[in-house]
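Chain IDs A, B, C, D, E and F follow the sequence of writing; residue 1 opens each chain.
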Amino acid sequence: MKKVVTLGEIMLRLSTHTGERLSQTNKLTMHYGGAEANVSVALSRFGYDVYFISKVPNNPLGEAVERHLKSHGVYTDYLLKGGERLGTYYLESGVGERSAKVIYDRKYSSFSNLTLEELDLEGIFEGAALFHVSGITLALSPYLRKLTMLALQKAKAYGIQTSFDFNYRATLWSQKEASQAIKPLLPYIDICFCGELDAMYLLDIPTADASLTKTEKLEYYYRKIKEMYPNIRYMSSTFRTVQSASNHKLQGNLYVNGELYQSKEHHIDQIVDRVGGGDAFASGVLHGILLGTLPPEQIISFAIAASALKHTVHGDCNVFSVEEISQFVDHGSAKIMR
Amino acid sequence: MKKVVTLGEIMLRLSTHTGERLSQTNKLTMHYGGAEANVSVALSRFGYDVYFISKVPNNPLGEAVERHLKSHGVYTDYLLKGGERLGTYYLESGVGERSAKVIYDRKYSSFSNLTLEELDLEGIFEGAALFHVSGITLALSPYLRKLTMLALQKAKAYGIQTSFDFNYRATLWSQKEASQAIKPLLPYIDICFCGELDAMYLLDIPTADASLTKTEKLEYYYRKIKEMYPNIRYMSSTFRTVQSASNHKLQGNLYVNGELYQSKEHHIDQIVDRVGGGDAFASGVLHGILLGTLPPEQIISFAIAASALKHTVHGDCNVFSVEEISQFVDHGSAKIMR
Amino acid sequence: MKKVVTLGEIMLRLSTHTGERLSQTNKLTMHYGGAEANVSVALSRFGYDVYFISKVPNNPLGEAVERHLKSHGVYTDYLLKGGERLGTYYLESGVGERSAKVIYDRKYSSFSNLTLEELDLEGIFEGAALFHVSGITLALSPYLRKLTMLALQKAKAYGIQTSFDFNYRATLWSQKEASQAIKPLLPYIDICFCGELDAMYLLDIPTADASLTKTEKLEYYYRKIKEMYPNIRYMSSTFRTVQSASNHKLQGNLYVNGELYQSKEHHIDQIVDRVGGGDAFASGVLHGILLGTLPPEQIISFAIAASALKHTVHGDCNVFSVEEISQFVDHGSAKIMR
Amino acid sequence: MKKVVTLGEIMLRLSTHTGERLSQTNKLTMHYGGAEANVSVALSRFGYDVYFISKVPNNPLGEAVERHLKSHGVYTDYLLKGGERLGTYYLESGVGERSAKVIYDRKYSSFSNLTLEELDLEGIFEGAALFHVSGITLALSPYLRKLTMLALQKAKAYGIQTSFDFNYRATLWSQKEASQAIKPLLPYIDICFCGELDAMYLLDIPTADASLTKTEKLEYYYRKIKEMYPNIRYMSSTFRTVQSASNHKLQGNLYVNGELYQSKEHHIDQIVDRVGGGDAFASGVLHGILLGTLPPEQIISFAIAASALKHTVHGDCNVFSVEEISQFVDHGSAKIMR
Amino acid sequence: MKKVVTLGEIMLRLSTHTGERLSQTNKLTMHYGGAEANVSVALSRFGYDVYFISKVPNNPLGEAVERHLKSHGVYTDYLLKGGERLGTYYLESGVGERSAKVIYDRKYSSFSNLTLEELDLEGIFEGAALFHVSGITLALSPYLRKLTMLALQKAKAYGIQTSFDFNYRATLWSQKEASQAIKPLLPYIDICFCGELDAMYLLDIPTADASLTKTEKLEYYYRKIKEMYPNIRYMSSTFRTVQSASNHKLQGNLYVNGELYQSKEHHIDQIVDRVGGGDAFASGVLHGILLGTLPPEQIISFAIAASALKHTVHGDCNVFSVEEISQFVDHGSAKIMR
Amino acid sequence: MKKVVTLGEIMLRLSTHTGERLSQTNKLTMHYGGAEANVSVALSRFGYDVYFISKVPNNPLGEAVERHLKSHGVYTDYLLKGGERLGTYYLESGVGERSAKVIYDRKYSSFSNLTLEELDLEGIFEGAALFHVSGITLALSPYLRKLTMLALQKAKAYGIQTSFDFNYRATLWSQKEASQAIKPLLPYIDICFCGELDAMYLLDIPTADASLTKTEKLEYYYRKIKEMYPNIRYMSSTFRTVQSASNHKLQGNLYVNGELYQSKEHHIDQIVDRVGGGDAFASGVLHGILLGTLPPEQIISFAIAASALKHTVHGDCNVFSVEEISQFVDHGSAKIMR
């Protein structure tokens, strides 16, 4: 089993029940998640040995995070304990025309104060096949930007594949800050999850011709990024059409060797929980690439199917096996399996 | 902050959970609501000083009503305590093709026995900008019809705007009774919520030409009503297309100065709770009119948006602020706000 | 009230809540059901005196089955007590693109070991108007096949109408086994629930011409079956188009006197629970036939409406009365009834 | 199986969850019960053919009552449908030092307007072994007092044993009214559930000597009642010491042939639901008497055990079999049975 | 109605369900509370006009706090909106031998950064009868210590009674810090809630003679405090004997005019929620004093009864009226009130 | 960290909620547990590397078992997948005087058909410090008896300590069968959990003198067992006094070097879940012995505290750390920790 290393924050999510507003409810459901943590869980369920680098407080919530990760088989050797608090956010679940609403309470978290002295990067990367991180980690502190750069350089020194998901969050930092932090990292990246908006606003690529289709525009941006960072071998993203909070269309894009491969469009109705849908997609792409034998068409079909299934379960994590996702790709859905 | 006065019954609603029949469940959810009470809550959240005139029993259910109203900022100075019981109804929630079913148990309620001696109408109306009442109040007792007439006359004497929502309920009274009770009140009304059926069956207006569109028919009826009651400055209603109990289309109409203004059509899927949707709409229209500066196009957009959002939360009340509704009007829906 | 006799297994269903996977939840909802048991409940609610022949363990779960049946008015005189265990299955509820998943734990059940000595078939059939059984009963043991044959012969000897639902389940037996078991029974059947796949794979009828429409194909198969088993007076089935686990289209078919009658197509969105949908349909058809006066068009409309309503409630059973279903047929759906 | 007939009201109970106040909760649990209905359910579970005479509205709540009774095997042939509403009450559950609180909403119920024309008493009593009724029925209307008297006379005419439970409720009528209504009935009673307060305040028996023990006082009152109504063969009651709402001591008394028999004192801690505890006791006594072979010591032990077990389950009904109660009498409690 | 002013933090409490550990559950219940907020709610329910000075973030959680206070009638004119976050804590509920466990996440709260410029103390105190604050407010920041001192001086300048509850929390500050902060305030206090440990460790009073009874020791400490701060007219505390987390004994103490008055000892079993029990007690004492006519014996009986009842409901607040508490004092508990 | 090996069945427990009977509820809570599995979880939480040998079906329930164990850090390398079903049982929770009731549905389980060929005992035992098994494993099949013997012999060959818990279950086998199976194993056991009944009925030791105290009797039986099996170095058990299903007294016994050490008696009220209480105790004893440095008095105090805490949480497992248990031993309970 291949070893995978990830670095990121894991937070407590406190969600309202469907049809309840946060200011009026008295019941919350707890989930634990974060972009890199979710990828870790998914890849662990796909059969990889995943080591998640993070830091949580030394209290029952930190212990809960540990149990969550372990229950999915993720190795917690580098899940440090200490610091002030667990990053938290409240999710007022959306439904129908009403969008979900996130109220962040993540400042001063243990992870955002993680320091280099607490980690032994050498040991961590030994024998690994992949290192994955996202833009959220960068946004949390200048220190974490440095740490991420160092980790990427170390990973490349070990000959490990690297993966980066832009994951831009406007509430965490400005486009300018993000742009300045991300650009220096990109020369160390092999696999990159980014889309049209990232290209335009964070990488300052001139806007595509308005007469192009959505797909042609994406091809244009990917071509431009490839010119700037020829080291990036894969670029990937999703097209998401939001009809209502309960009803999306979702299509996957994978750009490799100058070609854009697209999955079929999934129609996702009666969405249960969309948080983590992007991470499930990224995990699917990473699995396809790590396998080494899958043609791009199948990688992107698998990844979008993983993401589609994620929308049908509560919680941030893709909790489906490779077999279940493949079966869904092959036979479609919605028959009772009995 | 402008003062608003309303008069009506507030009831206990006992609802089944989705997918349960009343005859087979053992769990009910409690909500408190009524046409005028719901308008009161919405207007209070919009920033008005709302006084709700009603009567509830002097027991824990009456106390619960009081807490409900107070928690939304509605003034309960004229919420009398006494009488036999709180009007109650059971709602077997609908879903998909199955419609909701209401089982009323509202007879002998404290409100239906309210008498004039218990109220000081002079003090109540002083300084008010609006008085709102609906046809349900009229239906509950002959005495309440008299009381409503008196209140409307008093309101006009004070120079207060008046608003009336037909809200015809066939289980409470016949069309003939309703017609006889409503017609004498209309000369005292400034703002009127009514639709095609009300015009045909309660105001005896000749049926519109069958070749007209739905919108043209409504214009015809509004024109006719205006001819009969030139004092009515605003008429308003919604077009609701019911595709299934979970899936509606909703459009708002506002007739003013001889023009009909229509909102865009909202597609409301995965409806959480439609009770109170009409009251949320009326509240939006009333707010628009009370503001005094909003063009009719914006009034009706705001009102239909308020109604659409109401369908996404449990309970009878619109629990969204002016800012939230305006943001929904401007930016549409269904993105996670984070 | 006419007497109806059924024979079959009733199981404990343990279902996850929507959006939960069986491997990750800690809460299950219990329902009791089975093909023939569900038909029994529905016909009892339609006003028949229904006797359900089965066997359950002599423990609290067996007692729960008894209470379930009694609460719907089904007679439990022939519900034997004893044996090792109650057949059980776990249902991971499907939603959106994710299909439901059944995990069976039904082996060694009390019913599967039922023996002839335990029953007095003579008494059971006296005065009955209908005997109903399904292919699931046949699949459970060779002994039950014999018992079913004996029961059918006895029923015919008493001049009772007989009804058989193919209900083929691939996890219980092979097509070959099913074919061998079912064919000898068909000469004793008056009313038969079967579809295209049954005709092709279990009755070995040559595949219909590919150029035919779905409806024409069904007519072809029904004609062929009628040629083989002229005793079968009614054949019936549904066309179900699965758009997602939450969203189906459903149409009913009834073949009688060489004519195929089809209901309108119902669009069933936001499905609550589809288990038992077929049994609700069969019950509707049987009621229509037993009434004796209903034209085929109305029988099939009633039956498909019963099935559609079943999809809107939790549990295996059709819990709607003849009046409620008829009202739904006549007036459609989705208005609040108040 | 012996036939038993009862007459009384069955109501909807809406209970708060433990630790919640009615004015602050939004969730209620539904139970159906009433003094005579609860006795009916218990005796049905003990193996009797019980016919419960009552009236409920012709709506889903009435249907729920019917299902409740049927699920316990009670015959509903004389459960009439019609009238205005189902009697309802709210129970704010007590815990620790806080007592439970009942808010009645039972006026205008279908049962309270039951009339003689609706019943065929002749058919009902034929073949019965016992007729049971309680003081609550008398309290509901003058008409029901007449009906009860007629029923008791009819029962005696048929040679049926009669049983009466005083069940005095101060919120329903005054002591004077109760006294006037009950006294004329007592000459027709064989088995009577009454205690010290009933004797003093409703039967006007002079207060017992203060120096007597609680038990001696009860003997004194029973002796006096026996002098007044020599027809009463059994008198029975419980001594209940309330330490807190969660913690009671309970002892049973049975007076027969001039002797008072007392059970051991049960210590009932962590009470789940005490509603129906008295009815469970009465059912146990009635079963003991109907058996005809049980010595008084065993009757009273069985009855008090039935009542003690009732306190450990939600709902009004004793849901334990004769075997379970006997086992509890013999082996005591609180070991895991495995 | 008398006006009362309080100053303090209100927090979000997230509690596990009974029998669940925080690290293993996925469901939390929300309550809002804090020492001074709880006193505010109780006094509002007792009929006072209570103004609660505090600060909460301008987000849905801040809005929820506002609704909570308003629903109990507390005036929120001085509930400021702004700052970073709402102080939060997790409560792992205790049961039996296992004690409850609090995990604080309250740093950086909006209230802890409240500044003087944000408040108009003059307006606030005008016409007030009482100002109440507790040691928790002092512990949150040096600035809040200054603000509290200023407020107390202002209150005295207005001739308002002042009340202070020591409420020492070891996790917030050291005994030394607390001692230094509290001592300078005491000369401005009329009513003081403190006990033996406060006297010994925060006021440095020499330890009482070991041979004294618990009550005698308390008298000794109160005498000493009175010598040091003759301005303090009332001192009050409870004796709590913890038998298990579910089972306490509770007795109230009130020292006035050189006399110690003690309530009877309540035995509180099956505790639902003990959070806020001390605040309910303090509210009862304050009400007794504010009434002005109640003898000390009755004040302390009322206060301890209020606290005992609080233990029987979920949430931080005393939700019982003066009438309910008085009835409980007079008639004891545990009978069903019907 | 020391390595521990255990062998046993893990089952699905389906529990009713408090106050509900299995025959009347429709909701169940899921837990996974078994004697040896529970010990494994507890020891893993205490810091040991625990390998649990068992077999579960290859379906979502088997996967759930795996997740359960992993979340507590138990190694699942020897958790085989396959076979027919997961052993299941229903627990009707007891409360007050009503005892819990177990309904087993465990026959034909995957574990009961485990065979030797599926295991590599050599690898398993290498480097281990302890092997633990209980009598339940022996009871499940003759084959498992052989396997257990072989495992014990292998363990002794490796010089590993062995531990055996009698855990006699009358529903699984007779005393005679148990006696014949257990006796031959005892010469291989170092640590033995057994009590008076085991000594009398399974080891045929003559009954102790009736005049002895409970403690003296236990000493007598332990002395006798030690004479028969001098290899057994530790014997341990609990004295449990059942006052009601919610209320027990519990004391621990540890016999070593000819001395009996007893813990203090815990009073456990308001019991949440007693299943697994014995396993928590055994885990505590094993931890004390494995530490190697703890005096017997402290071992038994720790073990009984672990068991007492287990009674306060839902589920089969001791979910408390060494630190939490030690703190409970030192400081007692029931204060809020904040």
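The working rule: contacts are C-beta pairs under 8 Å (C-beta built on N, C-alpha and C of every residue); 3 or more make two chains touch, one makes a residue touch a chain.
These numbers come from a predicted model, not from an experiment.
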item: Separation of chain E from chain C in steps, with touching chains one step apart; value: 2
item: Minimal step count in the chain contact network, chain B to chain F; value: 2
item: Result of counting contacting C-beta pairs for A-B and A-F, higher pair; value: A-B
item: Farthest-lying chain, centroid of Cα atoms versus that of chain C; value: E
item: Copy-to-copy rotation for chain A and chain E - C-alpha atoms, rounded to a multiple of 5°; value: 180
item: Farthest-lying chain, centroid of Cα atoms versus that of chain F; value: B
item: Between chain D and chain F, centroid-to-centroid distance (C-alpha), Å; value: 46
item: Multi-chain contact sites of chain C, meaning residues that touch two or more partners; value: 21, 23-24, 67, 101, 270
item: Chains that touch, pairwise; value: A-B, A-C, A-E, A-F, B-C, B-D, B-E, C-D, C-F, D-E, D-F, E-F
item: Chain D contact footprint on chain E (complex, rising order); value: 266-273, 308-309, 311-315, 319, 328, 333-338
item: Contacting residues of chain A [partner chain F, same complex]; value: 67-68, 70-73
item: Sites on chain B touched by chain D in the complex; value: 14, 21-31, 59-61, 63-64, 67, 84-86, 88, 90, 92, 101, 103, 105, 107-108
item: Touching residues (chain side chain A, partner chain B) in the complex; value: 18-21, 23-24, 89, 94-102, 104, 169, 171, 242-247, 270, 274-275
